[in-house]
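Right, one structure below, let's go through it.
Order as written gives the chain letters A, B, C and D; numbering starts at 1 within each chain.
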Amino acid sequence: MSEHGTTDELAERVRNFVAEEVLPVDDAFDGDVRAAGGEALRIRLQGLARERGLLAPHGPVEHGGLGLGMVDRIEVFEAAGRSLFGPMAINVNAPDEGNVHLLDRVASPAQRERYLAPLVQGRCRSAFAMTEPSPGAGSDPGMLRTTARSVDGGWLVEGRKRFITGADGAGFLIVMARTSGEPGSADGATMFLAPADSPGIEVVRHVETVDRSMLGGHCELRFTDLFVPDDDVLGGVDEGMRYAQVRLGPARMTHVMRWTGAAQRAHETALRYVSDREAFGSRLADQGMIHQMIGDSEIDLAATRALLLDACRRLDAGERASRETSITKTFAAEALHRVVDRAVQMCGGLGVSRDLPVAKIARELRPFRIYDGPSEVHRWSLARRALRAVAGR
Amino acid sequence: MSEHGTTDELAERVRNFVAEEVLPVDDAFDGDVRAAGGEALRIRLQGLARERGLLAPHGPVEHGGLGLGMVDRIEVFEAAGRSLFGPMAINVNAPDEGNVHLLDRVASPAQRERYLAPLVQGRCRSAFAMTEPSPGAGSDPGMLRTTARSVDGGWLVEGRKRFITGADGAGFLIVMARTSGEPGSADGATMFLAPADSPGIEVVRHVETVDRSMLGGHCELRFTDLFVPDDDVLGGVDEGMRYAQVRLGPARMTHVMRWTGAAQRAHETALRYVSDREAFGSRLADQGMIHQMIGDSEIDLAATRALLLDACRRLDAGERASRETSITKTFAAEALHRVVDRAVQMCGGLGVSRDLPVAKIARELRPFRIYDGPSEVHRWSLARRALRAVAGR
Amino acid sequence: MSEHGTTDELAERVRNFVAEEVLPVDDAFDGDVRAAGGEALRIRLQGLARERGLLAPHGPVEHGGLGLGMVDRIEVFEAAGRSLFGPMAINVNAPDEGNVHLLDRVASPAQRERYLAPLVQGRCRSAFAMTEPSPGAGSDPGMLRTTARSVDGGWLVEGRKRFITGADGAGFLIVMARTSGEPGSADGATMFLAPADSPGIEVVRHVETVDRSMLGGHCELRFTDLFVPDDDVLGGVDEGMRYAQVRLGPARMTHVMRWTGAAQRAHETALRYVSDREAFGSRLADQGMIHQMIGDSEIDLAATRALLLDACRRLDAGERASRETSITKTFAAEALHRVVDRAVQMCGGLGVSRDLPVAKIARELRPFRIYDGPSEVHRWSLARRALRAVAGR
Amino acid sequence: MSEHGTTDELAERVRNFVAEEVLPVDDAFDGDVRAAGGEALRIRLQGLARERGLLAPHGPVEHGGLGLGMVDRIEVFEAAGRSLFGPMAINVNAPDEGNVHLLDRVASPAQRERYLAPLVQGRCRSAFAMTEPSPGAGSDPGMLRTTARSVDGGWLVEGRKRFITGADGAGFLIVMARTSGEPGSADGATMFLAPADSPGIEVVRHVETVDRSMLGGHCELRFTDLFVPDDDVLGGVDEGMRYAQVRLGPARMTHVMRWTGAAQRAHETALRYVSDREAFGSRLADQGMIHQMIGDSEIDLAATRALLLDACRRLDAGERASRETSITKTFAAEALHRVVDRAVQMCGGLGVSRDLPVAKIARELRPFRIYDGPSEVHRWSLARRALRAVAGR
């Protein structure tokens, strides 16, 4: 699967699958996954993907995945991202996809069997429980306040989490909790695996957000005396922040891949729209201000893909590439937002309606400038890095 | 009501009324007017406004309004705009407000009695049926295809309309139809008044759009042998385009006033949010990138208001001011969009949720860059005007 | 001179004077005032302006000026600004114009006679010596390090200044020096008047900058035992910062007026250029991307003027209006920069050449985003003000 | 030279050479190549580069170059671009570098000997005479008006050229002239080689532009009965436009490489400046608005390099890559302009002075948004391509 031709062909098959089976549902329900069927829809679409051999192309081969590296994922995930339900349909959606990535690198053999295998195979979903309500961990993970204290045979987890995507209905959670240090200290976090039906896990509410395509919502959770046996500690105690970094870079990039697919679809919708419409005596497609918007979007899409390719090459080469993934995530979140906003604008009144898919893509994409690190935090981190580099010369 | 102090005080009363009676409903229903009660909500809120003497401050005094000029409307309408339902509550919402303005200038005494008076008094709503599905009149009104042919005692109107705000449930419509010329010719349009229950008017569907606060939706209509008696021709035959201009400039400005109120509320929400939150060791309100966003929004709001004041002064002085209202609408639609987008960004994850009102304001505001002339059409018209001016020197 | 008609007519006369007498010199020497004749040029042009009754329209009437208020200055100063040498020609250039404003409000009768009168009449130039090399007062005036210590009959001033516009060749300086407190404390500054030939004033060098139109350059000065008699203290001791504020708001606004004229000329140059050129089968003036640029510039110019008008009305009404002048300066510096940059772009290769005046205007305008408070400092101050306002509610 | 390590090392040697020998001259003369010595400076610096084995790293090996491909040029040319005189010093400056590229692909053996060899070795300079005064070929090459008519043994060239970089003092010119068709037809152009001292070539004037670092200026030329023998036709008759495309893509990319070096130097200058300065109680380097500017510039630089790498890979693989080079040139010209503008802003008053190199870099870089195809032309071409692609699906 590592050679170029094969990945192209796989991407083509994903694109066809999405066009034939996924987009019709997505468009009929305006990208609202609950309205479209929720868990039942996931099971049906993943069944269809499994039949076509398209399920979990990033998953480890031993568990039935195709084992794609980061560069090879680019086109495939973009093809899936053309529908808001496409990544779910081939099982490469956040947060499961990042959790597969993490478990594949950190989980023990027993954990692989119990958690990783069913996740790759679409037999369950998962969630990654890190962020918390204020004043806990938000964009600053060091503010972590959920605690785990050592008890006989395991740990007792206590605390609240917020914006935990996919938590409602997940099979298991990966929970980040403080095992040492105080809120404000960067270290001292540990990752725990917990079946979602463990006593002491409560879904307090869904945070209702502008995006509506994520199965299981963005939940607020409460952990009360949640017991995690020692066997379900993921990796080493107090090493949670380091693993979070392992997950972080690649997860940022696969987000970008999926959203590039969505933005590309919005762009193509607008290209077709302006090709069919007239105003003030000429086709919109022959008007210079429309050309300007199209040209800008072509540039934004190309720069996103060029950054993505460079960062993924580095990740595949074993670099941590945190500078490159930070740059790529930040640029892409803003550039793709511009692309979709221009598509809305080019489609005029229909652009803000359900008649075309551009408005729903705009709605779903907006949070990406905030989720996974707001642009401001990335810029701050880039600036500090640049200042240190110049100070060191 | 023309002196400054009195208007300030009126605006203050509107602000209080909105805060006490309207915002709670708006926020409880995320700005969705149908979910919040629809027509019953309007009647209830307008009743409360009437009790406080706040109904229809722009309406002619003879029909119970306060007769405010354009400059005097600025603060009052902005105060109403702080809630998405505020303009409806004091009866200054589009399209009614613009229709009042138009009827006050063009309607016959009988038409005033039959149509204008109940509209000012909140006894009915209205719609302005101008735009059509492609290839009819969209942003280019000259493409008008709905026709009215002269018959005995009146006219028979035939055609389709789209994006007719408020049409479902309106008491009457103002219909623009072609009485001479061909699609593509700028002249030849006439305005007709038609009770909404006239035979031959059909609401085909609601165009579902991202904004959900407009009572009566954005409708698609079909007119089939709609008979309009001569008495219900609004103004002169073939003079519709000229009247549309009369309505257009002021209606643009009152849109800007209302949206300035909404954007100001989003901005204040963000100011409070960043004052309460910490990340990376300091309050958000003490961080430079937050200052940059706040500073930008302060500038955008101030420039919007300065342009608005200048344009309204000209309108009050009897100028047509089509250049100034075009500039103000275009600048404001983009500037207020930026203000609200920054507010979303400053509020982080909660900014894209229903926990705070900023996401709903963003959703409602987005179409303003398209409705009432997309920015591109305004820029084109401004450019042609500037080029003519320099050619004439 | 306060009524509208009269000011219009005065502006028209200034525009004609500038077109006939000033622009030819400006364009022949690419806006380089030294190359164009320096002090001799000033004397010649001011002589012509005096003959036409156009000298110092802002100056107090008792000294031969026309006594225009802030609103009335707008059009007149903009007309002068159409040439880089125009403000100098009618004696409304920085820093003299702001110094006139300041002296008119603060100077003693003797100081008015000795310093203000000749300045208004163009018999000398002046400079305002406030900013210093790092770590002294730059955009943060509280860092003031130049000191004045009390001696018998007066003060001894000691220190260095940088970016003192017009200092070389000036008749006198207004010097800001610390009379109490330490660098970092906001108070404790006093203003002193000093003839430029006083012993102890040395022009160390000209800071060579991208702008070349300011007579007397941007100088670095050294004060060594500069003696200022008590009679030449301007206003009260330790009140310098307060007077600086008196000067600041109006001086920002007149900068904006002058630069609006320059930007307007660049814009008109581009409008004419695109009206005359063809590429890819049509006139540039008929191409949509050109319309976009023109439309954007029309909006930027209009918003600048609307903000300016609002701020000047407040200043004329006696408000300090520091928020409004800060917003106007910041918006204008950026908006006018965009206008001129678009003009350069529209003119293609000739836009970056001396064949057209747009490149030189771009060069002269660029520093305005830095001089008189960088945009970043203004945004910071606006943000703090907005945060305080919301905290106070 | 094809392996990564070696190119890195070469780039390092170029960086050192530029820092030691070239930057001091560049900074002393504010990037003005005539003031700095002109042709004598070139000969001296190229002599030093030759001694270090750094001359013409892109030139064909047979003529003494290092034969670097496009990807390998990136770092090396960027290192040279850190000084405005660096590319000249190692003989990779426009237009010579592009002419070497073109001659290496198209020239006959005799032409290689006569023209290519001395050019690679720095024994002469060259110019590429394509663009013309209006209404001739500007950004639209099809408007070509210079003609060549067939005469006994060769061709007589007649016409005017403008913006011919490096023409004054060049050893030879490559002249594009129309051999068939009419102005407005895309084909019918032929390339001719002509020693600069041929009778009939006249340098009418230098177009004085904001950039001053290009040896030989931007000239206006007149050809009067310029005789070119058949042996000096470059490639086939009527094939000039095709060859121009061969030259165009790589030449755009090497421009980007060089300007990236200049922008990087400006960025580093600002990073150092803000690390050393304080205002309002903290180091500039610790202030959030400064972080925002640095973060933005880091992103702009990274995206430029990612696009460049992708386009150069394609060129090295034999693709024409005209879409990718068009995108890269357009993005880079605007992104690098922003980087340098931010550097100016971060450096405050000194940023617009000669005390730091940022203002001169800003001045030199501005025309790149116009030269080699204005951004607007590239966007237009990108839009048409995108519209065709969607129509073809």
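Methods note: a contact is a pair of C-beta atoms (placed from the backbone, for glycine too) under 8 Å apart; a residue touches a chain by one contact, two chains touch by 3 or more.
Molecules present, by chain and UniProt name: A, B, C, D = Alkylation response protein AidB-like acyl-CoA dehydrogenase.
Since this is a predicted model, take the numbers as computed values, not measurements.
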Exercise for review: Taking CA centroids for every chain, report which one is farthest away from chain B.
Suggested key: D
Exercise for review: Answer with same or different: of all residue numbers used at the interface between chain B and chain C, are over half used by both copies?
Suggested key: same
Point to revise | Distance between the centres, which are taken as Cα means, of chain C and chain B, whole angstrom | key: 41
Point to revise | Inter-centroid spacing, chain D versus chain B (mean Cα positions, whole Å) | key: 52
Point to revise | For chain B, residues contacting two or more additional chains | key: 288-292, 376, 379-380
Practice item. Over in the complex, which chain A residues touch chain C? Could you list them? Key: 287-292
Check your understanding: Which bits of chain D are touching chain A when the two form their complex?
Key -> 268, 271-272, 274-275, 285, 288, 290-292, 294-296, 298-299, 302-303, 305-307, 309-310, 324, 327, 330-331, 376, 378-380, 382-387, 390-391
Check your understanding: Okay, in this complex, where on chain D does chain C touch?
Key -> 30, 131, 134-135, 138-140, 143, 162-163, 184, 207-211, 218, 276-281, 289-290, 344-345, 348-355, 359, 362-363, 366-367, 369-371, 374-377, 379-380
